[in-house]
Each structure stands twice: as structure tokens, then as C-alpha cells.
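Going by the order they are written in, the chains are A, B, C, D, E, F, G and H; count residues from 1 in each one.
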């Protein structure tokens, strides 16, 4: 078995958000913009909901790559924020690695733009150092599907686990009874179909 | 020329939102849910922004079709709201037609679920009575693309103008100088790529 | 306006099912087989539900084209059944045209296999003789999407109205109050998403 | 060789149907609804046909997720039915695991909604405990193809075998001569193209 | 009605094959090469089968556009063959127009490469002169689907009828009894699914 | 016939390039960026090659929409350049209309970003004033295919002719003999497949 | 490295064609019929060209599955032909396995219909017995792409090498100089684009 | 872990460009021509930019395969250029292997046409000899996506790392500060979206 089941644990996991910058986002074309924006914000919301240590990093944010999207800054006002002076692989930046290690977490949930560089490079480096790596594929974007497929293949071959934000949330939460309303709200805010289910359910059971 | 240019005029237009109900939305599969939700809310926001008379209607909202999505109710608390007791074509409901005519508007901007029924039927009826009809294609949804294409063809053949919410907003606004910030905010809230442009622009020009 | 709104009327409409034969169905590749089978049966069920005169016809059913699909035979045991000895355009068969005219209906709802021949030829011929023609696009199939698009364009240009079975059912029914349970059953049997809505609704309201 | 050939054996296999609930089904958008409904019912029919021990489970069926689809209940009236009070991963529910182990089977055929959670989590857990796991990909559904592809990759990397219901049926049956009519009926009921072959064949050979 | 039904008549029709040249074919990307080759040869075969006057023309065949594909030359050894010295619109070449008019036919069946130029230009010119024009969409090819869709729209808007080779054959033949074996052979040679039907049918009925 | 053949004439045509601005281009997602860039530059090159009067215009170029792409500026250094202060429909800007009319041309070739607004609005306005309008569909871009299809339908219904840059070039040139090398160079620079044909041809005939 | 490079050797390889039957072919929908027919015939032609031992087998050919396609019978008149009386996995048929082993070849090139059963089952069985297995993916077909992807994943995970007929031909031939004309003819007969290259090349160099 | 992270190093890497010939390029249909041309030239530019030893090779360039595309010749005037007399796998040509080994590099970046032969064969051979192989998937092309997917699977299973040219450039560069302008120019020349970001950025910051 090349990659045994490694299960996310909310006490062992940290989130790395890499280069979700206003300029770079215009490069993302393997996923529709409304959906991508929603996925990135959903990942941010779940990181906050599960109180996972979260690290923000950007590449060259004073140049054409542009600033970090403001919603992420606003969601994590106190998170370590490493504006890399030039390193393309975030893992080549000592401050970033130090921030990661300072969390004390061994499971890294990574998303970013663009997938084959900003996500794949630190994911591969982290795997090399023995971390358990979970790539959030739907909160990561790149130029086109061909590029994405190549990047996924490379990361999976090296042992990364490919997940999506919804799977991450479910694996972290484990049991609805831990907080029904909290998880329901997260889903309702980021899954229109689920919100509709809740709307209909709430309406029908209102008078009971 | 089968359909001459009829230009939307914010003093002549009204908006009809037909059957955007929590249950019916689960039938929509010709457009991705995140995008569809955004398009419907964008249309609602532009209706309010341009202060267009807006009419809400639902079909059988106490049954499986489910309640109107709460965001639309919240956006138009004082709008005429016609819960049709059974008529499938909203135009067969006298209250609805009366509400439309009470606006005094001759241009009808229509969107709804599902396209070939809840949108097409009143659109065709309104055309028959001499109204100018503008279908907001991206705020209307249905079972699949084959169905949508058939519905579009039928409405276009009868003289409806097919538009999307962005085109509607631009045609109503006419000139950015009427309100730069207002239109910019509308776009920023509903077009992630545009929001990114504004974020980068604002950051770069902040110190000037 | 090239094609004004002509509204289906259950007292004026007849259904023509052309060449849904076991062999010919293997040629249909513009629509997925499970969906196509469902659409054809849905159209048959609605014809029976609204008690529309229905005419069945086949082409060369003793040869490789194969027999009419048994479900259609079973649904309309007493319908006129014209096994054409060779005419490709059903309208070239005098018995078929006579059967159509014997219904006394002026609105013809047509579906069949393959779209650009078995549907388009009689549709165009009927339009030429002044009938109102409604093509059920999703209960008609052909070799590929390119072929379908060409066929639709030709029929629409000649004045046919393109609809799908769901739209036909809704336009014929007009008002849910005419028979809520009957229409609901039709939809529940042929629209999985609608069936799910009903299942949830029924369960939640069971105890009330 | 990461995953050697493990062949399904009707005396060693059990079927787990996880969370095919009326509400959750509205989330499934990686597969067309008519096809998905057919695939799920085909899997149920084959489980019954091969007399495989089958276990049903649901998540929160009194809430928005909705009740199990009635057809599954009806097909397996006596099957263990575990309504989980909150565990997202069915394998975290002791009753479920006990029911699985009580079958005495070592091969688990799993399908459910949504793929990356309700299927992947118990599949990965079962692999970890040494079961042979066969995921029925076409009777499992989720939000979109990106999500599905990530989920498949994760399960395959851990050693699950990806199959579809037709392959499962063929691998269990092994030899047509075990029951020609039984298998033929199963295929005829769930593969429209195969039904057409049989219709033509039967008609042509009827008189012989 | 913008385009009334004009029915192909084998005594009134001629075929124009425009610029199916070995070099130009490498530009065709809106249709898969195996299918396109088959469609073009099917159109050639039907032209010969129905003994329709056929005219071949090429553009610059000594340059990079390359020679006419040899199969077409071989199928129509005695057809008028106009190697245009430079005119892009074949209708601008007097020899070509004279050859068309010499056929005495008023219905022109046109196919060629690339659709928006080599097909659309003479089609539009012929319509202008009062010919009835039938474009064989699946034996015409171009750079991509966007280009094709634009070209179709332009020709249809001007009154051309869009058909495919199969529809053309059926409309010309009218009745299978005119020559069952001849038409069957044409279909068997160019429609793999139909050939399979015939193979199965012939085998099953061989002994009768 | 709704739209008779109107043939482009290089002595009657002018080109309008509307809002190809660096920021707005990030909104274009109905066409792949490499192809779109090539198409826009091909249109610019053909305008220069045929010496067509060309007019450039931008919307709010000092804001987030960004500056005109530099290549267009460089290609037409002396062209009228109207930086609109706010009008969304370029035709609402008196300077723009005056520049158009000053060309003395009655055929307008229009391309721009985004299709349903920056192209459709002036196209519809120009049609209303009696100009012949040719939309270059592949040098115009917008948010997605649904939006594009709606925009095309609206313009076509009003009488615009939909073309692509290659068709425009061919219709303007009419006869290769007018300038074989010039047209060949234009194609070679913007059609990779054509360039390959020329490369092979030139190599093989080099020694002759 | 899970699957090291095993190179096809024309002295070590045999070809197994499994269940390409007239009836079963109507089930194939993951690949367009013209292309699929061409690929299967190309594989047959290359098997004959390289004089590879070839084995034909069918399943239930007297029933609805239908007879082997006649072209394959005609290409290999003397090949072992095993009409299996009922075994679904050809490897369960002793005659078939004996025929395979009688070739003395250790490399098995397998194609068939449908991929996940008729190809995957014997491929997996052969791998288990130590054969080197090469699946010809484009001469194998099945119900849809989801099914195909699952089947490929399963076979690849077990060590099969996925190839297409063109790659197989090239790997067997190794050096054009072994027979330029022979390989060129094979490609010209089955790759329309290659045929065009040869046509142009031959024409241009004819006079030299 | 089947394929650990091997990181490209500009002092250890060489580039192999295999069979990008004018004729063979007409076979490439899994990637749009404008994009493919751009990707190949981008790879060439990055090879020159990073001063990587580069080797060119062609197959049968005097025959229908045609000459190497001139841009590659021009970019690498002094590179080893091996016109193979017949070997299909470049690695079977002793001069080619010698040229590779003469570079002293152990990391091979390979791209070519067609993917499953001209790229896969030498990639697999090089892996066998212990080289680290990086396939540039988006600068390699083939007949269709099915073929490409099979080829990728085979190479990945043997240990090749799948990358795209952008990822290669980023992994080689490591840190923007090594040469901001150089890398920026490379991206600006080959990524239209990035060029737009730079255009807007430069304009807005011009006056500062």
C-alpha cells in the first residue's frame, strides 16, 4: 500500500495558505471563480472554526502578484504572516518553516495559488521532512486542468493525501454531536444545496 | 431584422423573480451552484441598486417546492409577493399580472427556476401582451443544458432579448459617472475577478 | 417576431412517437441512455395522463431497425400503430397522416429517433400543412450533438417550437389544482430530484 | 505491484450502502441524476440477486439530510439498518462495525453519498483493519468531478479497488451458465442498451 | 417563418465539394479526424449512389494547401474539377459558377474546409442568386467550435438549411423500397452502429 | 431571409477595438488566454494589412480596468483613440461616433471585452443607425460561455453578422493573387497549423 | 518504482482480442464509434503486420451479445478462436489459457469490450500468473468515462502497462529502417492526419 | 512512497526536445495549437534563460514528418542536433545517448511529439538507466486525451515526475531575487494573464 490512511486530527493539524493574492488569482483557470472564491473562504472558515493554527504567506506582494485577498487577512488577524522576499517555495523561507514548526503540529493542510508551484513545492518539501501532508485541491488553483492533473500526480506519488475542504471539515469534526449547529452553519454558508436543505427543513419543522 | 435593439431604461424596467424556491433549486443542474447563487443575488442587488420595482412570486411554497430563498425575501421586504395557489404560468395569476401592470413599467426583466417553465411561460405571455421582455439567462436555471437550449430558442424566437445580469446592470447604468462607487461595489461583491482588480488597484494607489 | 407564442392545449394536442425501435436506439449518442429512456417513458406517461391521442409508427421493424420498444406498445395498447413499409418520412405514409388528421387535433407533439430524420421530416411536413408543431427535444435522439444542433436549427427556422417533456407537461396542466397528486406522481416517477423533495417533504409532514 | 488482483467472491463479499438519503442526494452533481438513480438501484438489485449480506446506514436522518431513499429500504427489509446518531465515518459507529463483522465476510463492497466522506472514510478505515475494499464508483456521488477525482485518488492510494456495479456483478457471477436468465434480467433492467439487444434478439428468434 | 421547408429532391440536387485538400485538413479541429474522414467519404458515396452531379474545386493546390484528397478524385473521375487560381470564394470563379449552372440543378448540397470561408462564402453567394442551399455540417470542418458556431449562425440567418450527410441521404431516398440493399450498404459502410445491427440481424436470420 | 448576405469590402470597412484593457482581460474566461491573445493580435494585424481605418477606445483606463494592451497601441500609433470618461456603450460617446462617421465607412468590424457589453452595446446601436455590423467573435471575450451565447443570440437577432478573424481576412482579400505573400504571412504568424504547412512546403520545394 | 519499464518485443508478444462482438459494441460509449472502429482495426492490422500470434474469443455469441465483428474474423482466419460457453473472465476458460500459453509468449497485448470486465479480468489474471500485460486502451471500450477511469486505475495499480495502438506499433517496430513502407502504410490507413502528410509529401516530391 | 521528491537543480538539469517537427505537429490534438506553440517556445526560452544544456533530435525529417520547427533551431543554434536515421526511441540512437551523457547532467527535462512514443520511450529508457526524469506535459502533445492519459500513467508508474513548463521554471529559479527582471520577462512573454498584471502594475507605479 503506497499511502496508508492517515486521518486528520484537529489537535494535530495546521493550515498553510500560500499566495492567495489578488494578482495571482487572475491566473487561476482550472476552476470557476465563484466556486473558487467560495472554496478558499470555506477553508478559512473551517480553520477558524476548528481553531487550527493557520499560517499566511505571500510572494512579492508589492509587485504585480498583488496583496493577499483582504478576506483572509481579516479572518486571521493574528496569524503568522510571512511576506516572502523572494523564495518561490515557501519552505525555502526560514521564517515560514519556523512558524510551521512552532505550531507543534505534524499534519499540514495546504492550499494555494498556483497549485504546481506554491502548493506542490512546500507540500513536497514538508513530506520530505516527515510531515503528513493534506492538499486541499479545491482551494488551490492554477492555469488549466492539464497543469493541475500533472501537479496532483506529482504530489500524490510523493505521498500527499488529496482532499477537498468538505472532506477536511468532516474528518476533523468526526461526530456531528460535537457541535451540530456549528458544523451546520459552516456548511450552510458555503454549500448552496445544503443551505437549501436546511431552509426547507427549518420551514417545515418550524411549527412543531 | 427579427428583434430590433430595445434598450433597457431604468425608468421603464421592472424585475420579476419567479419561483427561486429552496426545493426547486435542487433541480437546477445546468449551472454550478456557487455561480448560480451568486448570479441570483447579483440580480437582486442590482434591482435594489437601480430601485427597480420588483415582484416576487412562488409556486406551492408549502409543498415540496419549498419556501422562497430567504435572501430574496430579505432584500425586498416590501415588494409584492404573490404566492400562487396553483397556476404554473405566473401570468395566469391575476394578482401577479395586476402587480406587474401596477408598476407602470413596459420593460420586464425576468429570471427564475426552472427556465423552460417558470421563466419561459410568463415571458411568452408578456411578449404576447406587448411588453418588452429581457430574460436574465444566468439567474435562471433548469435540469440540464439540453433543456436550457430548447427554452432559450423558444423565447428568442418569440422576441425575448437574452441577457445576463452584468449586461443588464451596464445597460441600466449607461455611464459610470452616474455613480462610480455604487456600480463598483455591485461588481466587486459579485465578480471575484473584478474584486481582485479593485483590490490591487486600491493597494497600489493607496499612498498617492 | 418569427415564431409567436403558441400555447399547448390538452384539448388540441396529439402525440406522435416515431421510430423508437430497439435497433435504432443503439444509434442514439447525443444523450445518455439512462436519461433518454427515462425521457421517452416520461413523455409516454404524460400522453396517457393527459389522455392525448397518441400515434405510434415504426420503420422497417422486421429488419435491423428492430421492434418498437415494448414499454411503448404496452402503454398505448389501443393507439393507432402504423408500421411503415418503407417511407422514411412518416408524413409520406397516407395511413399515418390520416391517423393524425383523424384525431382532429391541430397541435402535434413529436418525438423520435433519429432527430434529423424521423423527427425533423414529419415535423417540417406538418408545419407546411399548417399544424402547430412542438418537438420534444429530450425524448428525441441522434448520432451526436453536431447532428442534433443542425436538426434543431432547421426545425426552429421553419417555425417548430422546441420543448422538453417537463415543459410540455407543465404547459398542458396549467394549474396544479387541476390534479395535484396526478402531476406530482408523474414528476416523482421521472425526476429523481423531485422524488427526493417529495420523500423528504412527506416524511417531515407525516406526523402533522 | 501496489495493489495485486483481489477477486470478488460471492461467498466472501458483503455490501455497505452508506447515506443514500433523500436530502444528501441533492448534493450529488458529478453524475447525472437518472444515471445515478439507476446505478444505485442496480447495485441494490445485484446485492439481492447474489444474496450478499447488506448493511444500510444513515446519518442524521431526522434532520436536513433526510430519510433513506425508500427503494433501498424496500429492497432490504431485513437488513441491519444503522441510523447513526452523529458519527460521520460509519466505521466510528460500533454497531455498524459489529454488523459488518457479524457477516463474517472479508470483502466489502461500498457505495454511498458523498464519495469523499461517507464512502472514503469507512473504506479507508476498513482497509486499515485488513478488509479487502471494493468501491462502487458509479453508485457513489459527490459535489463535482474535482472532488470525486481527489477522493478516488486517496482511496486507490490506500489499496481500495475501484469498480462499477456492472464489473462487480460480472466478477461475482463468473460464468453465465450459473444462471443465464437471472443475470440477463438484472442487466436488462438496468442497462437500456442491453435491454434493446435482448428485445431485438428475442423478437428475431421468437419463431424459431 | 424565416426558412420554410425545402425538401431535397434527387432530380433537383447537385453536390459541391470545396477544398477538401490534404494540407487544409490539418486545420480542422472542430471534429475528430476519424469521424470527419468518414463523413466526407460518406457524402461522396451518397453523391455517387444518388447519381447527383458533383463538382470538385480546390484552392491553390500547388502550394501549402496541398492536393485534393485522393479518395475524392477517385470517386468522381469525370466530375468537373476546378482548380481555382486564387479566388477564395469559389463563387467568384466563373468556371465554377458555370459548372454549377450547367447541372441545371437548383438545390446545392455544399461541404468543404474550412466552414466559415470555403463553405460559407459560396453558400451565401448561391443563396443570393436564388439557389436552395443545404450545408452538410458534418462533412465541413474548421479551426474550432467557436468558429463553427459563428459560421453556422451566419449561413442559417441567410436562409441555408443545415443538415448532416445521413439526413441528406434519407431525404433524397424517401422510401426504403426504392432500393433497400443500396441504402443499407451505404449506411453499413459509414455508420459502425448500423453495421453492427445488420451483422447481428443477418446472423440471426441466416438460417431462416 | 432575416439577414441577407452582406459581403465585407475593404474599401467600405472600418475596425472598432473596444476596451481590450489589461485589467478587463482578466475577466475573459470563455476562451483560453493564449488563443485569445493571438486572435486579438491577428485582428489588429489584418486591420493594418488591409489598411482599414481603425478606432481604439477604452473605458476608465485610469482605474482598475487598466490601460489598453500596449501591442494595440503600438500597432495603431495614429489611430483615433477615445478614452471614454464614463460611457459604457461607446456609441454614447460623441467623439467615438464622430470618429466612426469620419471614416466614411458603412461596414463596421467590431471586437472587444466584454462581449455582451462593450461589443454588443455599440454593435446594436450601430445597427440601429443603419450600419452593417460584423462581430469578430473570436477576438471578443467575456465571463463564460453562457454569457457569450446569450450575447451572440441578441446581436444576431438584431442583424449582426457573426464572423471570426480568419473569415474576415478571407472575405476582405477575395483573391490570393492580390498578394500571396502578404496574406500567407498574416496566416503564418497567427495560425500555427498553417505555419507548419508552409514550413514543410518551403523545405520540400527549396531545392526546386 | 511500482512498474518498471517493460518494453514490447515483437518476438515475445501475443495479442488477445476479447469480445469485440456486434451486440456488445452497442454498449461502448466512452469513445466515438468511427474512432473506435478504426482503432480496433488498426490493432488487428498491426498484429498481422508484426506477425504476432493472435487469439480471438467471444462470449455467448449466439445470444444477444452477437457475433464477432466480421472484419476481425477475416483478418485472422487461422487464429485460435475460442467461443466461450459461459465464462465471463476469458482466463477462466481452459482452452483460452492453453491457447495463450501455446504461443510461448510472455507479453500479452489485450483489448476488448467492455473494458472493466472483458479486458480487466483476464488482464488481472494474467498479471497474477506472471505475464507482462499491455492494455490497448483505445481499442477497448465501455459504458462511459467514469467506468473506464475506474477500470484503468484498477489495472494500472496491479501492474498493467496502459498503451494505445500507435504506441504499441512504434515500440514493436523500434526502427523505421526495418520497413519504412510497411509501417507507413499501417499509419496511413489508420491515421487520417498522417495520410494527409504522406499525400502532400508524395505530391510535392513526385517530380524529383 | 513510490516517487520521493526530486527537486530540479539548474546545475544538474538538461533539456531534451524530441521530434517537434512541422509535419508531426499536425497530429497533436490533445492541446489547442496556440497554447501548444506557446508552451513549446516557453520551454525553449527557459532552457536558454537558465543556460541548460539542450539537445535537439528529429525523426525522419526528410520525409512526411517534416523539418524541426524553425524557432527551435534558431533558439539553439549550437546545440547538439541528432537527426535520427530511423530509431523511433531516441534512446536507441547512440549519438543521442552520448550527447545526453556528455552534458554530465543527471536530471533530464523531456518534451516532444507524440507523447506516448517520442517522449515516453526515451523517458522510460532514461529512468531505467538511473536518470531523474521530468516530463514537461504541456510542451508534449499527442492524438487525443485518452492517449495522453495512458502515456502519463505509464511514465508516472515508472517514476517520472510530471511537470509543466511554469513549474520547471519556478523550481529551477528558486528565488525571485536571483533575477527578478529575467524571470518576469520570461513569464510576461508566455503568460498573457501575467503580462496583463505587469502592464497594469507598471502603469500604476510609473509616476511614483
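Please note the rule applied: a contact is a pair of C-beta atoms (placed from the backbone, for glycine too) under 8 Å apart; a residue touches a chain by one contact, two chains touch by 3 or more.
Note that this is a predicted model, so its numbers are computed, not measured.
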{"item": "Subunit F and subunit B - chains in contact with each", "value": "A, H"}
{"item": "Pair from A-D, A-C or F-G with over half of its contact pairs in common with B-F", "value": "A-D"}
{"item": "For subunit F paired with subunit H, centre-to-centre distance based on mean C-alpha positions, whole Å", "value": "34"}
{"item": "Centre-to-centre distance between subunit E and subunit D (centres being mean Cα positions), rounded to whole Å", "value": "48"}
{"item": "Centre-to-centre distance between subunit E and subunit B (centres being mean Cα positions), rounded to whole Å", "value": "43"}
{"item": "For subunit G, residues contacting two or more additional chains", "value": "2-3, 23, 26, 32-33, 66, 191, 193, 196-197, 200-201"}
{"item": "Contact set on subunit B toward subunit C in their complex", "value": "2-3, 23, 26-27, 59-60, 63-66, 85-89, 92, 114, 116-117, 120-121, 124-125, 127-128, 143, 146-147, 149-151, 153-154, 157-159"}
{"item": "Subunit A contact footprint on subunit F (complex, rising order)", "value": "26, 29, 32-33, 144"}
{"item": "Contact set on subunit C toward subunit A in their complex", "value": "197, 200-201, 204-205, 208"}
{"item": "In the complex with subunit E, residue positions of subunit G that touch it", "value": "22-23, 25-26, 32-38, 66-67, 69-70, 191-193, 196-197, 199-200, 203"}
{"item": "Residue numbers on subunit C that touch subunit B, as the complex places them", "value": "1-5, 7, 31, 137-138, 152, 156, 161-164, 166-167, 170-171, 173-178, 180, 184, 191, 193-194, 196-198, 200-201"}
